[in-house]
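Following this line, the structures themselves.
Each of the next two complexes has chain A plus one other chain: chain B in the first, chain C in the second.
Take a look at the complex of A and B:
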C-alpha cells in the first residue's frame, strides 16, 4: 500500500511540475531596512520597490524614461503635466490616481517624516521651503487636476525632471492605505500596496522575501515570471556562490574577487557590466576632527595608488581607478562628461605626501590622533581597510582604527558623524551628472562628511536652475573641480560587476539606474 | 654489685664515626618527584609537554629567529602557497601603455552581432610578464566593439571563456592591456567581436607567464639586482595571506596573543578562585554562605554579553584592541570553578586528623593554611589550571574570530582563521595553518592536563 501511495504521490507531483509556476530564486546581500518608498535610501529597497511599485515612468536599460503609470506627458521650463492611464490599478483593484502621487511626494518633503531623500524633490516648486519648515506641505507644486491628470510646477527650470519620475521617492503611495497602517507603512508584506508588476506576498524579517506576479498590473500580460523568491539573505560571497553551485539560486548579482577562480573552475559563464557606482574615501568635516585639516587630506590623497589598489585589492577586472566624483560613463553635453571636462587628480607621490603630513602635524599641535576608518562588514571591506591601514602607517606614520559595522549601523554612524574617513559609495539615481554633483552640497543629507563650500553650493544651485545643458554641465564641472581641489573626497574606484546566472534564466536586465537587476521582463525555461 | 675497678681513658674517647649502614628502604621520594615519575610513564602527556614547551619557545624565540615583519604587505605575493623561496625574474619597469587604434575601420550598425567573425590573428605586444600582458588583434569587419576574456584552462566552447576582463566600445580599438592580478602560469585570452550582442565565434591566444618582479621592488630586496637576472625571494614556509603577509610571522605574533591570554587569564582567575574558595572553606558559616551565593550569581552571568559590556566600560572604541577587556572579563567571570574546587578541598582537609593535631599544638590560621591546607590542594588546582589554559586560548580564538578580540593589523590565531575561511576553497593554507595551531595547542594542553591529573592525584586516576 505504501508503495502504491508513493507512486501516486510521484505521479501527482510530476503532473503538477508540468504546469509549474515560473519561479526565480535569488539571494540578496542584506534585507531592506523598510519598504516605505518615501524613506527608502538603499539598493536593496530600490530593487524590491522597483518590482512592486511603478512610478509615472519606468527607467529603460540606459536610464531613458519609458511610459509607466503616465501614458504621456508634456514638459517645459515651467513645469510638467502627466496624463495617467485609466487602467493602472493597485493590487486591491482600486485605480491609481494622480492624488496618490501628490500624497507620496508631500510625504517625502514633510519635515515630520524626515526622509533622507527629500532633496530629490527639490525641483518641484516649494519642496525645499517645505522641508525647511518655511511653507506648508499643501503648497507643494504638484496638484491632481483630476484623477488622471497630474500637474507639476517647477521651482526653477529642470532639465532632468523626467528622469527623476521613475525614482523610488517619486513612487505613488495611496493615502487611505497609508493612514490605515498607523505609521507602519512598509514595515511588513501586509503593510504594502503594489501597483507594479509584482506584489510582496511574504517577508520573513532577516530570512526571506517572496514576490508574486500582480494580476492587477495594467501591463500584466508582458510579465512572464510568476514568482521571485528570495530565500536567502547573506552578504557572504562564499555562501552565495555555494547556493548557486547547488542550484538553490538562479543568479548571483555580484561575484567577489575570490569567487572568480572558482567560477572559472566550475565553468560558469560570467558576464560583466558597469553598475555606475563610484566609491571614495569621504572625510569628516565636523568640528574637532583631524580630517578638517587640508594638509592631512592632501597627504592621504598623495600616498594612495589606486591602480595598485584596484588590481591587488578590488581584483575585479574592468574596475576603473577613481578619478572624480562623476564617473566615466555619465553623459555631458554631447559626449561623456569626463571627456568634455577632464580633471586629473595628482598622481601618487610619497615624498610630497610626507611633506604634507608634516605640515598637518604642526598645524594639529604636534601629533595626529589615530583616525577612525568606518567601513562595512564584508570580506572586501576588511581587506581594503587593512591595505590602507598599512599604507598610512608605513608612509605617513598615521594610525588607522578600523570600525567594521553592519549596513544599518554604518549608515547610522555615517549620519551621526562618528568617523574620520568612511569608505563610501554612490550609485546613480537618474541619468544626469547632477545625481553625483549634488551629493556634496550643504543641504544634501547624504553629504555625510558635512563638507561645506559656498562656491560649490552656488554653482550647483546655478546648474539646478537652468534648462541649458551647456550651462548646467559647465557649472557642475566647475563645482566638481572646487570639491576635488579641496580634497573633500578621494575617489577610489568605479565599480564593474561580474555576475553569473542560470542558463535557463533569460531577459534579466542589469542597469545603472532603477531596480537592478530588473526582472520585470525576465523569464525562466 | 659490680665494682668498677679500673677505668681506662680509652673508654671515654669517642667511637670512630662510621658511614656504613645497610639500606633497607627505597629512596624517599617527594610528592613532586613521584608525580614526575608517573608523568614520564604517560607517553601522550609527555609528548604534549614537549609540544607546550615547543610552543612557548616558538612564541618567545620565534621573532628573533624568523625575522620577517608580520605586517609587511608584499602585494606581488598575494595568497602565495607555502614555499622555501622561489626564484623570480627581475623585470624592467612598466612602460606606458598605448592603445592601438586602427584607421579606416567601418562599423556596420546593421550587422548581426551574433554572427560576426572571429578576429583573424592576435599578436602579443612586448614581453608578457605578471606585470602586464598586452596584445592586439586584427579588426573584425562590422564590429562595434570587442569583449576580452581570460581563463587558465584551455577554453573548449563559447561558454568557458572565463572571466570577462573588458568590454571595448569601438571596432577600431584593437588592443588590450591586462594587469589584473596575474600570477605565474599559463593564461588563455579570448577576443570576441560584438555589435550590441556578442559574437558566437572567438579567437584564443595562450600566454605563459614566469614569476617576475619589477626592478624597483627587486632593488628593495637586494640593492644590486639587475634586469633579466633571477632573484631568489624570501622563503614563505607557510605561504602568504590575502595581502601578501608572511603566514609564519603572523602565526608567531598571533601566538603571543593566544598564549598571553591562555596563561595569564587562568593564572589570575585561579588565584582569585583559590582566595575566595579558601576563605569560604576555611572559615565556613555565614562567610561561606555569602561567598557561595556570590559564586552562584557570577556563574549565571553570560560571558559574551559581559565581554561586550566590559569593552564599552573600558572605553575601548571601535578599532581598539579588545585584549585587555577580554582578560578582565575572563578573570571576573571565570574564577568560580576554581573557588568551588578549593572550597571543597579545604572543607575536607580542615577536619582531617593532621590538621586537628596541628591545631591542638597551637597552630594559627595562617600557618595552617599555608603549611597544611594549600599544599594539599595544590595538585588538584594545578590540574584545574592545565584544563583552564586551553579553554582560555579557545575563548580568545573564538572572540577574535567573531571580531571581538584583537584589532587589525595585530594578528591572532582566531582572527587569522576568520580571514582565511573566506578563501578556504582557493587558498586553503590561509585557514588550515592557524586552525591547526589552535587545534594542536588546545589538544596538547588537554592531554597534558589529563596526564597531570593522573600523576598528581592518583585517587582520581582515569580508567585507562
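Take a look at the complex of A and C:
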C-alpha cells in the first residue's frame, strides 16, 4: 500500500516536472533571410542553423572540433575519412547518412545554386573548378563509401579542415527532402528538416521563431531546454532593453554603449566576451595614393594611442587595443597564437611621428594632400573619424576628409579603391589564424587596399600547402611580421561584447565561431 | 461619374509608371549593388550570382524585363531573402502595416476633430491654449521619441503593478496595437487638430451660420449640422495621403515595438539595395497613394453636395 502511494507520488511529481517546460525567450536583431544552409552567410542564420542542424563535428567553446554526426575521423595530407554514428537521425526519424553531406556540399559548389560561401569548400578537391564551371559537380572530392563512411579528398593539404566541418556551409541536407520543397528549401519552418538538438517548429516572417527540443537527436539526453522562443525581432537597442526589463526576454546578446549606464542603473549583471572580430585602418596602395608612402604610414602608426582611443571612442569596457591582424583568442600550435608568436607594434611617439611625416612630405613633393577616410554611417563611425581627424591635424598637420557612406556605397568605394584609409574589420569564418592571414594576400578580394608583397604571398601559400601545424604557424607568423613591419594596416581594436542574461539562465556559451549564443547545453531554473 | 473615375485611374497609372521609372534609374545610379556583402566574393562566384539574377545584362534590358514582369504582377524574388518573392513579402506584411495604420488614422482623426472642435469653441481661453501647446509638441516631436518614451513608461507601469497592463511589444492581439497606433497617430492628430480648429474658426463668421443663429437654432444643432460638416472637408482631403503616409511610414514605430510590418522590409531593402524589393514596394506604395487620393476625391462628392464630380466640375 505504502509502496503504491510512493509510486503514485513519484509519478505525480514527475508529471508536474514535465508540465513546466524549460523555455528561454530571446530577441534577435533581424530575422534570418532564409535558412538553406548551403547559402546562409549571416549571423542570425548561423545561430538558428547551429541549433537545428549538426555537422560532422560541433565546435567547442574555443572553436575546437568535437564529435558531431561523425564519431571519429582520420585526417592526413591527402584527405580525410569520417565515420558517422549509426544513431544520428533526422527529425522525421530517418538516419543521417554520408550521402546527406555529399549532397549538401555539391549543392554549395553548384554554380546554379549560387552560394556566396562556396569558397569555404575550396579545400575539397575540384570544388573551385566546379564553381568556375570547369568540372561537373559529380567530380567533387567527397564520396559516400557507404551510409556511415564519408571520404574527402583534398585539393592540397589543409591543416584546418576539421575546423571547417562544423561550419554552416558544411552542414548536411537530405536530397529527397530538398527536392520535395521545389526551390523553397529553408524558406519556412515546414521547409526544413533538423538533425541537431532542436527543430524549428514555427517561423512567422518578421515576427517570431520557435525552436523545440528534437527528440530524434542522437544526443537528446544532454539537451536540457524544451524550447527556445524568439517572440521579438527588432534592431532597436532601446526596445530590446525594454523587453528585458519587462521580463519578456531572458537575454540581450549585445548591449549598445548607451545602454550600459541604464543596465547599471537597473542593477543588471553584465557579462562580456570577445566576439572574435578585429578592426583596423587599412591603407590604400593603389598608384598615386599618398598612403603608398611608408613614412606617412609610419607617422600615422606612431601618432595614435589605441588605449586612449578605446576609452574615448569605443567606450565598451574590456575592449582590447589592436596589435596585430590575428586577434588574441586564436590558437596556434599548442597555446594562443599571439603568445607563441608575440608581436609588439611601436608605442605612440609623437616626436618620431613628426619626423616621419616630414620625411613623407619631402618624398611626396613638399606637401600631403587631404587624406580620404572612408567609413560607415553609424554614430560610432562618425565619432571614430572625428577623433582621428583631430589627432592627425593637431600632431601631424594632416587634413582628414571624412567620407561617410551607407553600407553598400562604402563597399562599392572600397572595391573601387576610392579612399586613402578605410575603417575596416574582419570576423572569423573558422578557428585558425588563416581566416585572418589570408586577407592580405594579393589574390584575396577582401584585400581592398591592394597591398602586395611577394614574400607574404609565398609564406601564406606555404602555410596553405602543408598540414604540419608547426610549419603553418611559423609561416603565418613570419608573414604577419612582414605585413605589420610594412604598416599595411594599423590595428585599432579587438571587439568585446557586453551582454546581459536572466540569472536563472545557465550554460549559455558565447563563441567566436559558429552558433552564437550557443544554447544547446543551456538550462533555465 | 464613371468616366471621371476612369480618367483619374488612367492618370494614376501614368503617375505610377513615372514613379517606377524614376526609382529604377535612381537605384541603378547609386554606387553599389544588391549582391555585394561585407565579405567580398571571388569573381567566379559573383559571375554566377549575376547571371542568376540577370544583372549581367545591360540596365536597359533589365528595365524592359522589369516592366514586362510588372505588367504580369510579378515583382520577382528578393535578393536578400532568396526564396521569398516580393509578392509574398507584400502579402505577408502589408496587412499588418495597414491594420496598424488604419487604427492610427482613426485615433488621429477622432482626436483631431474632437480637440480641434474644443479649441475652436473655447477660442482664446485656457482650454484652447492647452490644446494648441500640445499640438506644437505633437507636430514637432518625432514619432521615435514618442515610441521610446511610450514603451519606457509602459515598462515602468507594468513593473509597478507587477502585471501586464499592455504588452510592450510584439504583434498578435488588439492590445498589442494600441500603444503603437497611438504613437504613430500622434503627429497626424496634432496636425488635424490645428487644421480642424482653423477651419472651424473660418466658418464661424460665414453668413449661413449667422442666419442659423438668427433663426434661433440651438447651438448644438448649428455646430453639428452646419459648422462641423463644412469644416471637416479639409480634414478629409488630408486623410487620404495621411493614411498612405502612416501606413507606409511606420518603420521606426514598427522597429521599436517589434511589429512585423512592411516598413522595415522597405528600409532594409533600401539599405541592402535589394533591387526587386525596392521596385516592388515603391510601385505598390505609389499605386496605394494614388488610389487613396482618388478615393478622397470621390468621397468629397458625398460629403459636400456642392462638389459634383459627375459633371466634371470638381
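In this section, the second predicted complex is superposed on the first by the 315 of 525 C-alpha atoms of A that agree within 3 Å, B and C clash if a C-alpha of one lies under 4 Å from a C-alpha of the other, contacts with A are read in each partner's own complex, and residues count from 1 in each chain.
Methods note: contacts are C-beta pairs under 8 Å (C-beta built on N, C-alpha and C of every residue); 3 or more make two chains touch, one makes a residue touch a chain.
Being a predicted model, the structure only gives us computed values, none of them experimental.
Using the contact criterion defined above for the overlaid structures, shared-chain residue A:372 touches chain B, although it does not reach chain C. Look at A:318: by the touch rule set out above, it reaches chain B but stays clear of chain C. In the superposed pair of complexes, A:345 makes contact with neither chain B nor chain C. Judged by the touch definition given at the top, the superposed model places A:260 against chain B, while chain C stays out of reach.
Legend: residue contacts after superposition of the two complexes on their common chain; A:417 is shown touching neither chain B nor chain C.
Shared-chain residue A:183: touches chain C; no touch with chain B. Set against each other, chain B and chain C differ in how many residues of chain A they touch, and the higher count belongs to C. By the touch criterion defined above, A:404 reaches chain B but does not reach chain C.
Of the two partner chains placed around the shared chain by superposition, chain B and chain C are both touched by A:238.
Applying the stated contact rule after C-alpha superposition, one finds that A:36 touches chain C and leaves chain B untouched. Shared contact residues of chain A with chain B and chain C: 238.
The touching residues of chain B, when paired with chain A in their complex, are 71, 73, 75, 78, 150-153, 159-167, 178-181, 242-243, 317-320, 403, 407-409, 419, 422-426.
On chain A, the positions that touch chain B within their shared complex are 237-238, 257-258, 260-265, 267, 269-272, 308, 311-313, 315, 317-318, 370, 372-374, 379, 382-383, 385-387, 389-390, 393, 400-405, 498.
Across the interface of their complex, chain C is touched by residues 27, 30, 33-34, 36, 39, 41, 111-112, 114-116, 118-119, 128, 131-133, 183-187, 204-208, 231-236, 238-239, 242-243, 245-246, 248, 406-409, 411-413, 415-416, 444-446, 448 of chain A. In the complex of the two chains, the chain C residues touching chain A come out as 30-45, 48-49, 52, 78, 80-84, 89, 92-93, 148, 151-152, 154-155, 158-159, 168-171, 255-261, 264-265, 268, 271-273.
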